[in-house]
Amino acid sequence: MPAADVAWMLAAFAVVLIMFPGLSLFYGGMAGTKNALNMMMMCMSTLATVSVVYVLFGHGIVVGDSIGGIIGNPSGFWGFLGIYEDPGEPMVSDPFWFAFYILFAAITVAIVASAAVGRMKFSAWLVFSLVWVTLVYLPLGHWVFGGGWMREHLDFHDYAGGTAVHMASGMGALALAFVLGPRRNTQMRPHSLPLVLVGVAMLWMGWIGFNAGTAGGANFLAQYVTLTTLLAGSTGMIGFCLVERLRDGRATTLGMCSGVIAGLVGITPAADGVDALGAMALGLAAGAVVAWACTWKTKLGIDETLDAFAVHGIGGIVGSLCVVLFGYAGSPAGIEGILFGGDWSILLAEIAAIGATCGYALVMTFVIAKVLDKLIGLRASDEDEYDGMDLSQHAETAYDAA
Amino acid sequence: MPAADVAWMLAAFAVVLIMFPGLSLFYGGMAGTKNALNMMMMCMSTLATVSVVYVLFGHGIVVGDSIGGIIGNPSGFWGFLGIYEDPGEPMVSDPFWFAFYILFAAITVAIVASAAVGRMKFSAWLVFSLVWVTLVYLPLGHWVFGGGWMREHLDFHDYAGGTAVHMASGMGALALAFVLGPRRNTQMRPHSLPLVLVGVAMLWMGWIGFNAGTAGGANFLAQYVTLTTLLAGSTGMIGFCLVERLRDGRATTLGMCSGVIAGLVGITPAADGVDALGAMALGLAAGAVVAWACTWKTKLGIDETLDAFAVHGIGGIVGSLCVVLFGYAGSPAGIEGILFGGDWSILLAEIAAIGATCGYALVMTFVIAKVLDKLIGLRASDEDEYDGMDLSQHAETAYDAA
Amino acid sequence: MPAADVAWMLAAFAVVLIMFPGLSLFYGGMAGTKNALNMMMMCMSTLATVSVVYVLFGHGIVVGDSIGGIIGNPSGFWGFLGIYEDPGEPMVSDPFWFAFYILFAAITVAIVASAAVGRMKFSAWLVFSLVWVTLVYLPLGHWVFGGGWMREHLDFHDYAGGTAVHMASGMGALALAFVLGPRRNTQMRPHSLPLVLVGVAMLWMGWIGFNAGTAGGANFLAQYVTLTTLLAGSTGMIGFCLVERLRDGRATTLGMCSGVIAGLVGITPAADGVDALGAMALGLAAGAVVAWACTWKTKLGIDETLDAFAVHGIGGIVGSLCVVLFGYAGSPAGIEGILFGGDWSILLAEIAAIGATCGYALVMTFVIAKVLDKLIGLRASDEDEYDGMDLSQHAETAYDAA
Amino acid sequence: MKLITAIVQPHRADEVKEALAAAGIAGLTVTEVQGYGAQKGHAEVYRGAEYQVDFRPKIRIDVVVADADLDATLDLVIAAARTGRIGDGKVWATDLVEVARVRTGERGEAAL
Amino acid sequence: MKLITAIVQPHRADEVKEALAAAGIAGLTVTEVQGYGAQKGHAEVYRGAEYQVDFRPKIRIDVVVADADLDATLDLVIAAARTGRIGDGKVWATDLVEVARVRTGERGEAAL
Amino acid sequence: MKLITAIVQPHRADEVKEALAAAGIAGLTVTEVQGYGAQKGHAEVYRGAEYQVDFRPKIRIDVVVADADLDATLDLVIAAARTGRIGDGKVWATDLVEVARVRTGERGEAAL
C-alpha cells in the first residue's frame, strides 16, 4: 500500500531525526562539564556537513552507477536535480529517500565524533568529518547499500546497517582515538547521567524509526522488526547490568543506558532474522559482550573515550554473528541459524563482510587522521584542553548557576 | 484500511516507547539529587523485566484462553512461538500487538516504582516488579483486556486502561509505600524541575500514541481521542494550577506538570466518550481533584512520595466517573451521561469495576510486599538511605560538576 | 489515500505537540536559573489558554464564515458542537483538524512569551496571552488560513505559516518587549545550553510534523517538504555559525541551535517552493541574516531578550523573500523565482503580505500591551524581578542541589 | 570576638543550627565543602573503569560570637554535631580584630 | 597583614569588587555561601506540601590587605555592600601570621 | 595551632593534597571558590553579545596544623601548587585559639 508506506516513512523520518540531538546528549552527558558542548557540536554538525556532501556528490557515490563495484558515480545526483517529479499517486519517492539516506550517513559520522571528545580542534573535526564521510562511509555505503562489490559478491546478511553504520563508526572511532592520543586527564566521570538518559530516550525512539523504517513502508517486516528491536534493547540492559553486577558489584545507570544501545546496535543487522527468543538472546549477548569490551581500551592503551568501538563496533559484530548462529528460518530474512542446522557458508560470508568493513574503516580512518594531522593538526593545544574544549573552541560554558 | 492502520500503529509504538524514559525523567526530576538515578533505573528496568515475563508467560495470562475468567492460559504464547506468519498484505499483526502490549504492562509497573523512591533495595525492586506484574497486572489485564470476568460480566466503560493501568498502579504504589514505611527524611524538593518538564514532554507525546493507538488504527476514533486527549491535558493544567493558586497563593511548574498528567490520566478511560467541552470539564476536574488528593498522603501518614496514588489512582477514578456523568451520546463510545439523562445502571457497573480493580490491586500489592519483605527484605539500610540510593545501590552520582 | 493521510497526520500531531515543551526548554535553557521555570510556564500555559479560546470562539474567528474579510464568525464553532460525525471510512476529519489548529495558534503565542522573560507578572501574561491570541493571531489566521482578505486579494505565497505564525510572533515579541522595558539586569547568560539543545531536538522533530503535516496527508508534497525542511535546518546551522566565526572568532552551541531554528523558520513559508539547492541557500541565508539581526536589539535599545524578533520575525521574512527570489518552477508550489526569470509581481504581493502581517502584529501588540499595562500592570516589582521570577511568581526554584 | 568554624556532617548541620538558635545565636553562614580525612571516600564505576572519589561532602559553619561565649558555643556545636563516628569533623576558633554589621555599620559586639 | 571576610548580598558583590579595585586592591576570593540571620527565608510549595527554605544565598568575599589598609578597606567594603535592609550581612577581620604568593614564593606584604 | 588557607589552581589541588598526605597531614577541607586577581578572566559570546567573566575557578584548601609544622607546611603547599604562571594563587595563615575533634571532643593538638 504505497500511500500507507509514505505515512509510516514520514513518521520514521521525524523520529530518526531526533537521534542526532539524542546522540549529542548521550555523548555530551558522558563528557565532562567542560567538554559537553563541544561534544554536542561535533555530533550535531554532522547534519550540516553531511547534508552538503550528500547533495553535492554523496548520494551519487552511494547509489549512483557503480564504477567497478568500488564507488558509484559521484555526479549521478549532483544537486539533487531532476528528482522532483510527483508520481501522481502517493508512494515513497526520491525526495524522501534522499533525505532519509542523509540521516543514515550523518549518524554514522556522529558516532565517530565520540572518539574525539575533549581534545580535537573543532575546525579539524569539521575537515575530518567531511573527508571521513567521503572516503569511508560513502564507499562502504556503495558496497553495502548500493551496487558495490559486497552486495554483489558476498551473500552476507545485514538488515539495517550493522556494517556500514555501526562497525564502520566503531572502527573509525578507534582509529581516530589512536591517532589523537589520550586526553591529558583521563579521569573523568559523566557530568550528567540524566542527560545521558535523555539521549537514550531519543535514540531508542529513533531506532524504531531506523529499523522499522528500513522496512521501507507500513508492512509486516516493519512490525516484525519493531518487536525484535524492543526486545533486544530490553535484554541489552540485562546483559550489560549483569556483567556489571558480577564484576563491579553494582548495576549502574550508565551501564543500563549502554546496554540498551548495545542491544539496539546488535539487533540492527539482525532484526529481520531472529524471533522473539532469538532477539532476547541477541540483546543479552550484545549487552554482556559490550560490557566486557568496554574494558579493552585500557589494555589497548587507546583513550577511545566513549566506547564507540565497544558499543558500535563489537556490538555490531556480535549482532551479525548472532543471526548466523540462531537466525530463525520462519523470519522475514528466512535465515536458518547454524545452531538450528543452517548452512555454514553464511558464517564465512558474514565474517568476510565484517572483516572487509572493519578492515577498510580501520585502515582508511587511520590514514585520513594521520594525513590531516600532518596537514592541519588535529589536536587542540594543551592549554585549550585544560581550559576545556567548550571554552577554548566555542567561548562558552554549558551551565551558569548564577 | 489495514495498511494505513499499520502506518499509524508503528508511529504510535515509537512515541509510546519514549514514555519510559519520560516517566523516568518525570520521577527522577522530582526525586532528590541523591536518589534520581535509582528512580530512573527502577522505571527503565521494567522494560527489561516485563519483556521477559511477557515473552515467557505474560501474554498468555492476559489474552490466552480464559481459565474460569480469572487468568488466561500462561503457556498460551510461550516464547512468542508461531506468531510470525506474514498475512500477505499489510495489516496490524501479532508481532506488533505483542510488542505493544508489553509497553502497556511495563508502564504500569514503572508507575508503581515511584512509591519506592529513596529507600528500596534495587534487587528487591527487581524481584517485586517481577512478582507484581505477574500477580497484579496480568490477571487485571485478563479481566479488563482479555476474556476475564470483568469484561464478560460488567458493562463498565474503560477506553484505554483507566482501570488496569492507572488505578492498579496508583493503588499498588499506595500499598507499597505503606509497607515500605516513610523515608527517614521526607523533606525533599524536586532536584530538577526542567527534568520534570522533559519527562512531561515525552509523556504527553507518548500519550497521543497510547490513546490514539488504542484505537487500533488510522481511523475516526483515533482522531476523536486525539482531540479529547489534547484538551484534557490542557485543562488538567488549569485545574491543578487553580487549586494551587487558591490554596498556596501561587501556581507552580510542578503543579502545571502534574496537572497535565492528571488530565491525561483522567481522559484515558474516557477519551472516546466525551466531547470537546466534556473533555475540558473532565481535565479540569481531574486536575483539581488530584491537586487536592496530593495532600491526603500526609493525613494518611503514608509517604507515597511521588503521588502515584493521587495522580493515577484518583485521577483514573475521576476520569471514569466523568464519562458516566457527562458522557456524550454522539461520541464513538455512545455513552449518554447521567447528567444528560443517561441510564444510572452504568454508574453501578463503573463503581463495581473501580472497586474491583482498586481493591484487588491494593490487597494483592500489600500481600506481595509484606511477603517479600519477610523473605528478602525490601528496604535499604539506614546508612544506604542516608548516603542516597544512587551511591549505595549503583555506586554512581547523577552529576559531576568538576 | 484518505486512511493513509490519517495515519500520517496522527503522527504529525504527536510530534508537533512536543514542540511546546521543546520551546519551553529552548527558552528556559536560555533564561537565567532564577527565571527558567517562569519562562517554561509562560510557554506551556499557552496550550491551556489557547485551547479554551479555540473551543469557545477561536476556531470560528479563523475559519468561520468571513465577516467582510476581517474575521470569521466567532460563534461558528462554539464548543466544537456537532463536529463529531464519523464519515464512515477513515479520512482526516474535523475533530482532528480542530485539534491540529489549536497547536498552530498556541505555538505562535508561546513564541511571544520569550519577550517577557524575567520581568512580567505571570497573571498579566495569562491575560495578555488571551487577549493577544484573540486580537492578533485569530484575525491574522483568518486573513491567511481562512477566508480573509489577504488570501482573497493578495497572491502571496506562504506554505506553512511564515506570516501568521512566525512574523506575527516575532513582531509581537518586539512590541511586547518594548512596552515592558528592559530587565534591570540584562547581563545574563543561558543557564543551561544542554537544555537548549533538548529543546531544539523536540522542535526540529516537531517541525517535520508541522511542515509535512501542513501537506495534509501522506502525499508527495509531505515528502518534498521533508527534504527541504531537513536541508534548511542543516544549512541554517552553517549560516549562523559562519557569521559567529567571522564576527566573534568562534562558533557556539547557542549559535548552532539558533541557526537550526532560523533555517527552519525560513523554510516554513517556502518549503514547497524551493528545491534542494534552494533550500540549502535559503537555510544559509536565514541563518546568517538572523545571526546579524540578533545584534540589532542592542542598537534599538529594546531588551527583546531571546531574539524572537530576529529568529522568527526576520527569519520568516528572509524565507518568504527567498522563495520569491529563487523559487523552483518544478516544485509543488510551482513558483518561478525572480532570479530564474520569474515574474516580479509576486515580489510585490509578498512584500504586501509581509508588510500587512508585521504592521498589524506590531501595532496591535503595542496597543494591547499598553492598554493592559494601564489596566492591570504588566511588570513584576523590582523586588520580584531581583529575587527571580521563579521564586516570586511560582514560589519555586528550578534546581535543588542538596 | 571569636570566629568559630565547624566542619560537620551534612546531616548534622540542621541540629547545629537549631542548637545555636536555641542558645540565642541567630546568625551563621554555611558553605558546602569537601572534606578529606580519616574517613574513606568511595569508588564509582563507569563502564568498568573505577573512579576513586576521595572527598566527602561536608558542611562548613562559620559563626561569630562574643569572646565570653566562645567556650559555651564550642561545646554546644560539638555536642550537636557529634554522631560518634569517623568523619564527624573538626571545629576551630580564631580571634577577630574587628566585626561589623553592614546594614548599620555598627562595630564590635554590637554588630552580632 | 589582615584577612577581611565579608558576607554580602549577592547583588552587591560586584559593587564591592569594583570599590576594592578602585582602591587598588586587585585580588580577592569569592565563595557562594548560605546565610541564616535576622532575615527570613522563604517558603516553597510542592504539590501542596510546604518546604521552608531558611537560608538565603550570600556571597563571601575574602580579601587580604596590609595592616595599614585595614580600616579604610573595612569602611569601603561596608559602604559598597550596604543597601540598608535586613540581610546586608557581616564583615569581620582576622590577623594573619603569614601570607605568600604561590607563583613567586614571596612572603608578607610583598605577596599582596 | 595554625590554620593555613591556600587558594590554588584547580588542577594543582590534587598535588597539594598528595604532598600534604605524604608529609603526614591527612586531614583537609576543600572549597570551590572564584578568584579575581592579576590573571585575566575570559569573554563568552552569546548571539553576538559579549559577556565578560572576570572570575576564575580556584580551589580553597583549609588545613589546620600544629604550630611547629607551620613553616614546613607552607613551603610544601607553595611548592606543590606552583606552576610559575599568573593565577597560581595565595596562601595565608592564621593563629587558632582552639581546635577540637567533633567525634571525641578532644582539644588542641590532639585533635589534629
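We call the chains A, B, C, D, E and F, going by the order they appear; numbering starts again at 1 in every chain.
Following the convention adopted for this analysis, a residue touches a chain if its C-beta (ideal position, glycine included) is under 8 Å from a C-beta of that chain, and two chains touch if they have at least 3 such contacts.
Fair warning: this is a prediction, and the values are worked out from it, not measured in the lab.
Student: Starting at subunit B, what is the smallest number of hops through touching chains needed to reach subunit C?
Tutor: The fewest touching-chain steps linking subunit B to subunit C number 1.
Student: Using the touch definition from the top, how many steps at minimum link subunit B to subunit E?
Tutor: Graph distance in the chain contact network comes out at 1.
Student: What rotation angle superposes the Cα atoms of subunit D onto subunit E, in degrees to the nearest 5?
Tutor: Resulting rotation angle: about 120 degrees.
Student: Taking each chain's centre as its mean C-alpha position, how far apart are subunit B and subunit F in Å?
Tutor: Here subunit B and subunit F have centroids separated by 52 Å.
Student: Determine the centre-to-centre distance between subunit A and subunit F, using the mean Cα coordinates as centres, and give it in whole Å.
Tutor: From the centre of subunit A to the centre of subunit F is 45 Å.
Student: Taking each chain's centre as the mean position of its Cα atoms, how many Å separate subunit A from subunit C?
Tutor: 33
Student: Listing for subunit E: what residues touch at least two other chains?
Tutor: 31-32, 44-46, 94-95
Student: If a residue has to touch 2 or more other chains to count, which residues of subunit B qualify?
Tutor: Those would be 1, 3-4, 7-8, 11, 15, 189-190, 192, 198, 202, 218, 248-250, 252, 254, 395-397, 401.
Student: Pairwise, which chains touch?
Tutor: Pairs of chains that touch one another: A-B, A-C, A-D, A-F, B-C, B-D, B-E, C-E, C-F, D-E, D-F, E-F.
Student: Help me check something: in the complex, which residues belonging to subunit C touch subunit F?
Tutor: Touching subunit F: residues 187, 189-190, 244, 247-250, 252, 254-255, 258, 291, 294-295, 298, 307 of subunit C.
Student: Along subunit E, where are the residues that touch subunit C in the complex?
Tutor: 11, 42-46
Student: Under the touch definition given earlier, write down the residues of subunit F that touch subunit D in their complex.
Tutor: 1, 3, 17, 26-31, 64, 94-103, 105, 111
Student: Once bound in the complex, which stretches of subunit A touch subunit F?
Tutor: 386, 391, 395-397
Student: Looking at the complex, which residues from subunit C come into contact with subunit A?
Tutor: Touch list, subunit C to subunit A: 1, 3-5, 7-8, 11-12, 15, 32-33, 189-194, 197-198, 200-202, 204-205, 208-209, 212, 217-220, 222-224, 226-227, 230-231, 233-235, 237-238, 248-254, 256, 260, 275-277, 280, 328, 330-332.
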